[in-house]
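Two complexes come next, and they have one chain in common, chain A, joined by chain B in the first and chain C in the second.
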Partner chain A sequence: MMIINRLRAGIFLGIAAFAIGFVACSKSDNSTTKPNPAENGFDKAAMLTNYADNLIIPAYTSLQTQLGVLEIAANSFLAAPTFANKQALKIVFKDTYLKFEHVSVDQFGPAEAALFTNFTNTFPTDSIAIEGNITRGTYSFNANSAVGQQGFPALDYLLFSPNHLNDFSGANAVNRKKYVQDVIARLKTLTGTVLTGWQNTYRASFITNTRSDSGSPIAFLINQFAFEMDQLKGPRIGWPFGKQSADILFPNNTEGFNAGISVALATENLISLKAMFNGNGSGKGMSDYLIALKKDKLSSDVLTQFDKAINGLKAVPDPYATSMSLHKTEIEAAYREIQILLTLIKTDVASATGVRITYQDTDGD
Partner chain B sequence: MMLAGTIRFWMNGWITQQYVTPKFYFTYMGFDWVHPLGNTGMHVVFALIALSTVLIAAGLFYRLAAILFFVAFTYVELIDVTNYLNHYYFISLVSFLLIWLPANRYFSLDVRIWPNLKRTHIPLWVIGVIRLQIGVVYIFAGLAKLNPDWMLQAQPMKIWLPAKSHLPVIGSLMYKEWVAYLFSWFGAFYDVFIAFFLINRKTRPVAYVFVLGFHIATAIVFPGIGMFPYVMIISSFAFFSSGYHQKLLNRFQKSNLCNGVKIYNYAPILQPVLAICIGIYFLIQFIVPVRFLFYPGHLFWYEEGYRFSWRVMLMEKSGNTFFTVKEPSTGKTYEVENREFLTPLQDKMMSTQPDMILRYAHYLADVYAKRGLKKPAVYAQCFVALNGERSRPYVNTAVNLAAQPLSWQHYNWVLPFTNHEK
Partner chain C sequence: MKRSFTILTVLYAALLFTASCTKDNALVTTPVDEAVTPYDVPITYNFANADFFKASQRVKMGAELNSYLGTANNAVITSAKANDYFDNKNNLFTTDASLNTSGVTLAEKTADAAYFRGHFATQATNSLSNTVTAADGTAGIIVVGTTKRLVGPTGLESNQAAAKGMMGALFFKEAVTLLTNIPNDDNKTVTNGTTLAQRHWDEAFGNLGVPVNYDPAVTYVNTDPLRPLLWGGYLAERGKEILAGKTIFDAFLKGRAALGGHDKVVVAAQAKIIIDKWEQLNAAAALEYSTIPTRSVNVNNLATQFHALSEGFGFIHSLQFRATTSKLSAADYATLKSIFATNFYTLINEPGFTKLVQAQTILKTTYVL
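Right after this comes the complex of A and B.
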C-alpha cells in the first residue's frame, strides 16, 4: 500500500510539474517574442471591434440618417403627388434601399431580436393585405404576420407601382398617405431600436466574445455570409428567374420590382458583403483571419470570386424584369459565379474557421 | 446523470426542433417504420425517459425501468440519423446490457420492498461485461485516431484549436502547431491504453485521474460535444473495485447492509445460453467498427462504415449540396430549396454523408412526383471540404440519384477523393 501511495504521489508530482512547465513556457513565449499575426495568433477582438465600429454601427447610422431624408422627400411628394415629384422621390428611395443592403447581413444580436430584416424587407409584398389595411384605416405592424405589409417592399408597391399615382389625389387619398408615413415611421423605429441596441449593450459583448462556436459573433458573421448568399441565389436572383420553377419567370417577385432597381440592390448587397468579408480592406477582416489560419490561397480565392460575381451582376441591366427575357445569358453567367461563391463560403470558409452553418445549438462529436 | 441530460434536452427546446419541426426524417436502414409521435407524443416519450432514469437510480422496479429506458431512448435515436452521436449509441448499448444485469440486488428500493431479492455479491463477469463495453469504446476510438490525418497532419485539431484562442492562459498557445500535435497524440494514446490502465488495480487511481483530466479538458476546450465527457467520467466508475463502491455507499447509509453473504447466480441452465449471447453481442461489437475495411476508398470521404464505430471528434467536414429535379420527358428542371424540406442541421449533416444524400434524393423524387412530374430524375451538385483541404466535387452530377438503390454496397456515384493541393 505504501509503495502504491508513493508511486501515486510521484506521478501526481510529475503531472503537476508538467502542467506548471506548460504554463510557464507559454508565458515566456508571450513576453519574449513580438506578436506576429501568422504565428502567435490573430487579434480577433480587434477584428470584431473593426466590424462593430467601422462597418456595422456606421451602416445603421447612415441608414437612419437616410431614412430622415426619405421621410422629407416622401412628405413633399404626398403634399404634391405629381409625376415629376414621384421621379424625384424614386431617386431618394433607391439611395435609402441601397443603404439598407449594407445592414441586411447583420441579422444577429439586436437585429435578430427585432426581426429587423423580416419587418423591413419581406418581398414580394402583400399588396392585397396592404389595400385592405388602407381601406379599413386600422392596422398594426407589430405582429409577425404583418411582415409582408410594411418595409421597403411595401413602399416600393405604394409609391411606384403603375396606375397608383392617381390614388394619392382626391378625398380617398388620406388613408393611403397616412399608410406611407406609417411605414416610413416604422422603418425609422426599427432602425433606431437596432442602433441603440448596438450602442448601449451589444457592442461590448460582441467585441469581447472571440469564440467560434454557435451563437458567437464569428459564427454569426460566417453564418450570415452564407445566408445572404443563399438569398442572392434564391429570392433576389434565382427564383424570379425560374430556377425553381422550370424556367417559368416571376418578375413581380423581385426585390424593388416597381422602382425597377432589383439588380442595383443585389449588386450593392454583394459589394457590401465583400466589404464585410475583408473588413473593408482594413487588415482586420475575416479574410485576414483566414490568412492568420494559413489559408492565404482560400482568402484570395474568395475575394476574387466576389469580384467575379459582382462583375457578373453588373453585366445585367435594370430593370431585372425585362432582362429576364432579354439578357438570359448574362443572368445565367452571374448565377453560376454566385453559386461558386456560395459554395466557397459555405464549405471552405466554414470548414477553415471551424464554424458550423446551422442555426441550432447542438452537440457534435 | 441521464436525467440531467434529458432535462437539458427539454430546456433547450431540442425536442421540438429535432423531432417535431422537420418535415422529413432520415431513418436508419431497416428502421423505416420508426416515426416521431408529434409534439405531445415526443414530450411524453422524453418524460418516460426521465422517469425511468429516476427509477433505475433508485432501484425501484429496476428491470421494468431499464427496459423502458432502453426502448424509449433507442426509439428516439432511431427517428433521425441527423441526430446520431456516438455517446447516444453508447448509452443505448449500456442500457441494453443493464436490462440483463442484476444491478438492483443490493442497494435499492426493490430490495427494501422485496427483501428476498437481496444479493450482496454478483459474479465478477457481470461487471466485466460493462467494463468490456467501455473498453471497446475507448480502444476503437483510439485505433480510429491512428490515421495519417490525425497523427501526421494533426488534423482536425489544427482547425479546431485556433478557434479556441479565446480561452484564458492557454488561448495564445492554440495557434501553435506543436500544441495541435500534442493534443492529437495524447488523445490517441489515451484512448488506446486507458482501458488497460483502468483494469489494472495498481494503475487504476492514476488512470482515473487521467480520465477526469482528459474529459474535463475536452469539456472546456470543446463544449460543443455536450454530455459526452460526463458520461464517460461516470461510467468509468465501473472499473473500481467493490470495496471502493462499498465505502461510497456506506457514506449514504450507516447501518450495515451486508449481514450475510448472498451470491447472485443465474439459473444453471441459463448460464451457457448467456455466455453465448454475450459472446455474440461482443462479436458484433467487434465486427461493426471494423466493417469499413470491406469498403474501398477513403473512409472519411465515403463514410461507409463510419457510424457506430466510436469515431469521436475525428474529422472536420463541411458540405454544400444543390439538388435539381428533372422531368425526363419534357426536360423541365426545378432547383430545390433545401430549406423547404430540411432543418439547417439536417441540411448540414446530409451534405457530407452519402447515405443521407441518397435518402433525401429519393424523398425529393416522391415529393415532385406528387406535384405532377412524370418519373422525376434527381441530380445533386455537391461540394465537400474535409480536414482543412479545399472543397471538391463530391457527387457525380450526371447520375440520377432517384434511380440509385439504397444499400450497404459501395456507392459508385460518390466521386473519388483526390488528395492534392492545400
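Right after this comes the complex of A and C.
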C-alpha cells in the first residue's frame, strides 16, 4: 500500500516535473493574445477593427472624395474669380475643412510617416513665404520647412483673405492660380498616400496589435485623443484668446481665420473626437473598453464632459475673431469645459488604460 | 527518507529538463577545486567591504562637468576650465568638495580624451555666440518657447556630444571591460575583505551611477543627493520599457553574491545580462533621439530636434564602446555614425527623414526595440 502510494507520488511528481520543464520551455511569446482577466473578455481586436474599418479609413476616403469636389469648385472660381464664385467656393472649402477635422486625430501610422497634419494644417500659415513662392513661381512642398506654405491654412489665406480677390486678375494671377491648384493637388496626394497606407499594410498591423505599450495602436489613440484636446485648448481656442499671452488676443492665428469658420472647425473636431472615443456608439470604442476595465464612471464622465464642451463651443458664434470681443463669457465657459475634458482624457483615461502620454518629450536635460 | 530522495530526484530531473532547453547554460560543470558554496542574493548592494567609491566619484564629476558645459547657454565658458574639471585641477567641484582631493580624474579612464577636449573647445567657442541666433553654418542659440539651446554651425550642441559620449567612453566602457575580464580575475585571494574579482565587479557597479538601495519603481527627485546619475538616470529616462533598471541592478546583485559563492556560471551569466542590457539601453536612447526629431509634433521645432540629435550624436559615439559580443555589426555602426555626423539642418529637412528613419530601422532591428 505504502509502496504504491510512493510510486503514485513519484509518477505524479514526474508528470509535474515534466510539465514544469515544458512550461519553462514554451517562451511567453503569446502574451499579446493571452486574454487579460482584468478586461473581462473585451475584444480589443474587434475594437481596433471598428476603428480602422468604420471610422478611420472611411474618414480618409470621405476627405479624398471631398477634395475632388473642392478641386472642381476651385477651378470654377479660378476660371471666373468673381465675388459670387468665391462665396460658393467658401461653402465647399468649409465642407472639406470639416472633413479634415475627422482625420486630424489619426496622426499616427501612415499619417505620421507622411507628416500629414503638418503638411495639411499648419496654422497660422506663412503668408510671406507663400507670396514669395508665388512671385518666384518656384517652390517645393516636400521640404519639412515648407509645412507653413501649403494645406488648408494656405488655401484659407489665398482664397479668402480680405482684398485678395483682385489678385486673381492682377499681374501675378497666373502664378497665384497655379499655386492654389498645386496646394489642392498636394492635399489630394497626401490624403491618397495615407489612405493607401492604411488599405495596403497598416490596417492589418493596426487591428492585430492589442497591446498598450508605446507604439501600439491603443497608445496611439489615447495619445492622439489627448493631443487633440491639447490642440483645442491651445492653438484652436485658447492661445488666440490670449490664454498664453496675458489676455493679449491673436485673432489672426486661428484655424480657418479668413473664411471665418474657426469655431465650426473646432466644434467638428470635438464632435469627431467624441465619435472616436465611443467608437461611434458601436459598443466597440474606447469608452466600452473602459467599462470592460470596470471604469464605468470614468467612461460616462468623459462622455458627459464631451457634451458639455461641445455645447460650450456651440454657444460661441463664428467668426471667432469677432466673438473674442463680443462673447468672452461664452468662450471662457467653453474653455473651462475643454480643460476639464483634457484632464480627464490625458490623466484619467490614460492611467486607466495603462497608456503613457509620450508626445510631450520629458527629456530632463 | 526514501520518499524525500524520490522527490529530490524527480525535481532534479525537472531542473535538468528545464536547463536542457535554455541555450546559454546548457551543461553546468563545476570544477572540483572551486566548489560552489551557498549564497544569498540581497536586495541592496551592501556587500561587506564593497568599494566602488572611485567610480562613484567619477560619475559625480561627470555630472558636474556637464553642468559647467551647459552654462554656455548664458555665459562665456573656457576650455581651460572644462579641462580642469576633466583633469580634476584647481578645486572646481562644489557639489561635493571631497572630489577635489579624491585623486581620481575623469580623463584617466576616458577613451580618447582628446576627442572630448575638442568638444570642450568647440563649446567654449560656441559660447561666444550665445547672443546671436543660430543658422545653418553659424553657431548661436535657438529659442523655442522657454527652451534655449546653444548649437554649433551644424546644429550640434557640443555639451551633449561630450556628456553622452563620455557616458560611453568612460562609464560604459569601464563596466564592459571590467565585467568581460571577471572570469580571468582572481576570486580566491582575499585582500581587505574582498577578492580582485569582487573589487572589479564593484567598480563596474559604481559606473552605473545608482544608490546601493536603488529601486526602479521610485521616481527620484533631482534634489535627492543619492539620486541616480548619468546612466543611472537613463535607466528610467529611456530604459523603462526594456526594464533596464531592474534587469541591470538585479544582475549586479546576483553576480556579486555569486562571486562570494564561487558560482562562476551564474557570475558569467549575470555579467552577460548586464553588458547586453546596458548596450540595449544605450541603443534605446539612441533610437529615441533618432525618433524625436521625426515626430510630427516636433517638426520645425529646431530646439527640440537639435537637442535630441545632439544627445543621439553622443549616444552613437557611446555605442562604439560596446562589447565584442555585440549584435551591432561594424558596418551598421559605421552607417549610424555617418548619419549622425550629417549636418543637422540637412537631417531635419530631408523629406521622409530618410537618414533618420534608416538609423531607427538599424537600431530597432538589431536590438529588438
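The rule is short, and it goes like this: the second predicted complex is superposed on the first by the 316 of 365 C-alpha atoms of A that agree within 3 Å, B and C clash if a C-alpha of one lies under 4 Å from a C-alpha of the other, contacts with A are read in each partner's own complex, and residues count from 1 in each chain.
Note that in this section a contact is a pair of C-beta atoms (placed from the backbone, for glycine too) under 8 Å apart; a residue touches a chain by one contact, two chains touch by 3 or more.
Small disclaimer: the values here were computed from a predicted structure and weren't measured.
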| item | value |
| --- | --- |
| Which of chain B and chain C A:343 touches, first, second, both or neither | first |
| Which superposed partner A:144 touches (first chain B, second chain C, both, neither) | second |
| Chain B versus chain C as contact partner of A:118, first or second or both or neither | second |
| Of chain C and chain B, partner touching more chain A residues | B |
| First (chain B), second (chain C), both or neither touched by A:213 | both |
| Which of chain B and chain C A:247 touches, first, second, both or neither | first |
| First, second, both or neither for A:238, with chain B first and chain C second | first |
| Which of chain B and chain C A:107 touches, first, second, both or neither | second |
| Touched partner set for A:293, first chain B, second chain C, both or neither | first |
| Chain C-contacting residues of chain A that also contact chain B | 213-214, 359-365 |
| Contact set on chain A toward chain C in their complex | 6, 9-10, 13-14, 16-18, 20-21, 24-25, 107, 111-113, 115-118, 142-145, 147-148, 213-214, 227, 359-365 |
| Residues of chain A that touch chain B when the two form their complex | 4, 7-8, 11-12, 15, 23, 26, 29-30, 39-42, 44, 209-214, 218, 230, 234, 238, 243-247, 292-293, 297-298, 339, 342-344, 346-348, 350-365 |
| Residues on chain B engaged by chain A in the complex (per definition of touch) | 12, 14, 17, 83, 85-87, 159-160, 162-166, 169-175, 202, 205-206, 209, 213, 223-228, 312-313, 316-320, 322, 327, 332-337, 339, 343-345, 347-348, 383-386, 388, 390-391, 422 |
| Partner chain A, residues of chain C touching it in the complex | 2-3, 6-7, 10-11, 13-14, 17-18, 20-22, 66, 163, 222, 233, 237, 241, 292, 295-300, 304, 307-308, 311, 348-353 |
